[in-house]
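Shared chain: subunit A. Partners: subunit B in the first complex, subunit C in the second.
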Partner chain A sequence: MVARAALAKAKADLTADRLDGLTSPDGAAWAQRARSEALARLTDMGLPHRRDEYWKYTDPSSLVAPVAPKAALFDNDEGPAFDGVDRIKIVFVDGVFDAESSSDLQAEGLEIERLSEATQRDIHWAKELFGVLEARNAQGAVPRPMSAMNTAFAEDGVCIRAFAKVEKPVNLIYLHKSEASDAILHHCVKVEAGAEVTLLETGPAAARFSKVMEVDVGDHGAFHHVRAQGRDHERRAYTAQYGRLGEGSTYKSFTLTANGVLTRNETIIELTGDDAVTHVAGAAVGDGKDFHHDDTVFITHDAVGCESRQVFKKVLRNGAVGVFQGKILVQPGAQKTDGYQISQSLLLDDDSQFLAKPELEIYADDVACSHGSTSGAISEEALFYLKSRGVPHHEATNLLTLAFLAEALDEIENQTYAVDLHERLANWLNRRN
Partner chain B sequence: MLEIKNLHVKLEEEDKQILKGVDLTVEAGKVHAIMGPNGSGKSTLSYVLSGKDGYEVTDGAATLGGEDILEMEPEERAAAGLFLAFQYPVEIPGVGNMTFLRTAVNAQRKARGEEELSAADFLKVVREKAKTLKIDAEMLKRPVNVGFSGGEKKRNEILQMAMLEPKMCILDETDSGLDVDAMKLVAEGVNALRDEGRGFLVITHYQRLLDHIKPDVVHIMSNGRIIKTGGPELALEVEHNGYGDLLSEAV
Partner chain C sequence: MVALDQSQVKDGVDQETVDAVAKLSGKYKYGWETEIEMDYAPKGVSPDIVRLISDKNEEPEWMTDWRLQAYSRWEQMEEPEWAMVSYPKIDFQDQYYYARPKSMQEKPKSLDDVDPKLLATYEKLGIPLKEQMILAGVEGAEDAPSEGRKVAVDAVFDSVSVGTTFQKELEKAGVIFCSISEAIKNHPELVKKYLGSVVPPSDNYYATLNSAVFSDGSFVYVPPGVRCPMELSTYFRINAENTGQFERTLIIADKGSYVSYLEGCTAPQRDTAQLHAAVVEIIVEEDAEVKYSTVQNWFPGDEEGKGGIYNFVTKRADCRGDRSKVMWTQVETGSAVTWKYPSCILRGDNSQGEFYSIAITNNMQQADTGTKMVHLGKNTKSRIVSKGISAGKAQNTYRGLVSMHPKAKNSRNYTQCDSLLIGDKCGAHTVPYIEVKNNSSRVEHEATTSKVDDDQLFYCRQRGMDEEEAVALVVNGFCKDVLQALPMEFAMEAQQLVAISLEGSVG
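Moving on, here comes the complex of A and B:
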């Protein structure tokens, strides 16, 4: 009891310290209500501590510190991701909207508005979404104070509403230009029944970045999400995507992470309509002790005949650390559930570490759920086979490393994006950073 | 072409001598066969020559075209013209067979200072060679050896050999796990590559492969040594009488 009281005190203190430097933005009554409720949830939960169940593998202290640790800018010698793609660009520099670099936010089949503007309106569709999915605690006792803090204090972000099948993707481009930036963005995406939209996210965003995205996919709608987090070594990020899926709808998300001293990517998806499908995948590559990557995924099946698939792969080298926490929860009545989860890491040396916590919790009797987690080295047999055919050691290693990541990359449906990200990975391996 | 002198090899992990003085010379244009009972050191010889980890050469030498190969990395040996057709070809999930072949061909060309083959040229050559080995487009697209039958794996080995055009080919029990038709197909593939400038070392338990790949010289290996060398008739002798007589002769 003493220990628990001490932890509660520590959390209350660090929460107070952090909140000291933050001011809640102004807005319409509904937005202010969402923000004050989020703040109340946050104060109630307290910011995360290493001793919290879902933070034991990832030290949150630098994410919750009052001041963001500085992050050196990275001179990226690669072109920006998805450069050749015809898309609607929405640019944020260190978390601040850059109108000049952004496209016109008018697009057929879409309604796009900045969160800072939407929250000023007395009536706005985002009212039904902003802070709403984040606040739903479909998995009972798992607190998400980082997300609540984001809802309470995010000044900006985008609200995207799709009411048709939209071909042209929306690309949120996050530039990092200040060493000390501490950015908070919150996005709301509403895909109306039968509509479809693709959201691309690219770039490092800030020295420290907090991002929450809430996505509501209507019946038979489809949401596609492909993201490449920037290569800046010292950047830190907490991101969370919340999804709620209607009947027969689809939510597919892929994330590529190369470098980053600390990345925590959370995915919380609820399958609430029958026959909905979600695929969440990620490939992360890190080199050195200054790489820590955490994927934390919660999928809740709360309808009949839904499919969920999680594929997460990590390549870790020179003391890099990878974390995977993934849970499939099948609620009573969610029969004919098809749940799949795989998390694997390729450890290129003895110094690197992979920490995995796969969980299944099933309250229905007619379900098929499987999960697997492995970590291993490059196969010596395969390496020798390639070398015996004349392929040099480093090239053979890279080929096998890309082969290891292929299962995750295969989750990207669009070939243009898949090829772009595949090349980025190949380049990363060749450069080794 | 390939010259092996007094080769002594032990397992790195344990103090166990496997090869105890192998002497063997394969001339260009010739096919040599090595036969011998299980555990005689045949496969070890093929692995040591191609540079697999886990073996320690304690004495002797091996040269290819006059170059010492034992000090080379496996990929350098390959570039120098050595090829091993594996007894158990390795499955590599995630790497397409075509990508694998092209990477190998171009890596060797690069190592030899030759220009890399363009995608179009490569495709043309590989299709042609695959066709004679009855390897279809589907097999070329699939990941290397993944889900291949025994026969498909061995045909894939021969396809690699045909693409890489090595000077010295070692076939390690290429007949194992093959039915007669598959063995014929593989043998035809090998025979098509027989050439004045190319040497072959065919390792096998059984004479039947040698009905299809006719050897010039046959060696009998036992307990880490070549105990007898002769013409193709030696293989027939083994077929009829087993290894027993030869082994007792050697003692």
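Moving on, here comes the complex of A and C:
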């Protein structure tokens, strides 16, 4: 047991180093219990190591280092995303709530409260959610110590509860203003039966960012999530969204990631009510040797007649690395499941890499599950066709690259957001030429 | 049968398929045991046992040292736990590593000298008379009367028999085909050069154990430019008579040569599980081609999962030369637990690797099988077609790696793995790893687990076919592309498998 013991020792040391100096915030008894349980889980699992199965393609060392590596501030020449949209703004600067820049948190059909306040109350609905979905960890065989650490130490975040179909989206805006910031945020979202809410997330957040979001969607409720992770070159982020879906409910999430030294986006969704639907999509564009982007998606079908759809696209160049890990798990009895997963990468030059592990684990016989994964360069023929029609080389390349990404963008239902993100992608490509 | 009848079968899987799967994997017809006097080495494994095995095979010192080094490495290693299989911990000290029929102490000189029990065993297995003589280790079998030869030629496994029967002809062509223990004695320079060069002695837990204790196996050398005049075959049976629990196969295809190699195996039905840890190494030089086909039919254990073979096998081919080619075809129906990944290292430019697999699990069987395609050379190509069928309470996992190294420019891979579930208590899983490190290569991976496509069915029905015909037609191809890759010699088994009528499965 030489190697396994050595790994366990390395992880225990790593965890001890990281936890040294971190303090758990105060709060009501239920919150403290959730935090101490999370800490116990974390100590038990140990922080991730390159030799852990689900970190083999992404080196977690800078995410777990005691001190966050510095990230230079980025002068964003583009306006903030979704600027023209009428929305409820909740602003965090380097992980600290900014009341002045934020909107009034009172809104019709919604109850919004900061986590730091909610966790002080002896009675709060978030008790049923905070650390609960994260601990439930639908696919228990995969340890998620980064999430447990977030639950144990997150001082703030937002708790959003939707009672009705809410038109106005809630926009979490994460600003990055300090080179050495190390932010931890934890959000809880409860969509009551029949209610509907849209959550937008924008901005780079911090030099190092850890974010966990737990979303419980009641029967026939709907949760829409669109996010644009900032263009800072040097930022690092670990994010995880945990979703639990009731009968006939919907959970749709889209993420655009441009640049960033290291991004690990985890999505863990559990379909527990019959006929629930979830669509998770992502488009990532990366340029340069220091770009590393990782989508890790686990969908668990535990009810009859559910649908899940995953569409992930990556455009990589100049040595950028893209990772996709995903699993569709169909539990015994989850008949009539429709599961689909596609992960594709476009490598714009010979130095970039795509590493994928798309898995299926199926214990029910009346299901339709498929997954596909492809990787390659831009089609020479398509490029030639466009050039023969007089389109300059770089324009033709951009056109084909955008077309490649479009399948993921098509997953966004709301056209306003889709158009905004499409423009951002086009700009990103143009800047690179 | 029992397990299948109890569980609900989804629409679109016809009864014939269900019955055929049950017949094939439910009742094990090779489960009897031959009672025969044996010579055993003491139970357990230790440096002394390693020396004893080496001694029994009359090996030179360098071979003994090689084994002992492997043994000391093995002691440092940990059993792998990553596969999606679960079984009680194996007590490596509670089994025999060497067993030989007493009557084989002196090699029999003619058929009359061979222990009749051995003869009866092979007869019962359906292997023709001629082959009986050869498998029983008769020296000079190639000169036996011609009626034996006729039987051999007509038999399903005739190539085993023919292979040795036509030893002279093989020799004339320059092909060496013998047991590995003979090769160590007679061709030490070849064995020294190639043994462990594809699967190093410290490769993985079971391969390392094998390196220390392998008792026998086959050796093939095909010299440059030679197309092996016949198919070569080995039939493994785990029984008291056979020492094939840890076998080692080494195949060398020199420049521009070609060989097709077949492997079959069965074992008696016992209550306790038995370990089978084999290593197969294939070296493919420039312009050479090797086809390796397996019909694996070890005892799968009973319906409650009692007994059966733990089949932990390391198979790897190294396409060293440019334009070399290797093709693995496997039909896996037996074993309680299978842990097997026949792999291709595509080192030479323009080399090709292919992997075709059908894995059928029933009752309590578990299979975690797949392949690795490691593309190192330019313009290398690989193709993976894997079909998994799960019934009863079985678990069937495809696990594979496709790796495109930065220098493997303009390489291609196509992977398809489909699963069919019969009943709602079994599982089918897919765990592919895809690593692409250059952009001129294309990698495509597809996997499905589903019912027959309704649109296609509708189309057929519309043309006047009845439901059953339509289903048969639509899914006809499910396993055909794998079965077609099998050589004629396995036609009988293949036919049985076709009867499974994977016609009834998935698209």
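Definition applied: the second predicted complex is superposed on the first by the 432 of 433 C-alpha atoms of A that agree within 3 Å, B and C clash if a C-alpha of one lies under 4 Å from a C-alpha of the other, contacts with A are read in each partner's own complex, and residues count from 1 in each chain.
We adopt the following convention: contacts are C-beta pairs under 8 Å (C-beta built on N, C-alpha and C of every residue); 3 or more make two chains touch, one makes a residue touch a chain.
Given the structure is predicted, the values throughout are model-derived calculations rather than measurements.
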{"item": "Which superposed partner A:D350 touches (first subunit B, second subunit C, both, neither)", "value": "second"}
{"item": "Subunit B versus subunit C as contact partner of A:S370, first or second or both or neither", "value": "second"}
{"item": "First, second, both or neither for A:E395, with subunit B first and subunit C second", "value": "first"}
{"item": "Touching partner for A:Y385 - first (subunit B), second (subunit C), both, neither", "value": "first"}
{"item": "More subunit A residues in contact - subunit B or subunit C", "value": "C"}
{"item": "Which superposed partner A:A406 touches (first subunit B, second subunit C, both, neither)", "value": "first"}
{"item": "Residues on subunit A engaged by subunit B in the complex (per definition of touch)", "value": "379-382, 384-393, 395-396, 399-400, 402-407"}
{"item": "Interfacial residue positions of subunit C with respect to subunit A in the complex", "value": "8-11, 76, 78, 82, 406, 409, 419, 421-451"}
{"item": "Residues of subunit B that touch subunit A when the two form their complex", "value": "50-53, 73-75, 77-79, 83-84, 86, 89-95, 99-100, 103-104, 107-108, 111, 143, 160, 164"}
{"item": "Subunit C contact footprint on subunit A (complex, rising order)", "value": "1-4, 53, 332-333, 335, 345, 347-377"}
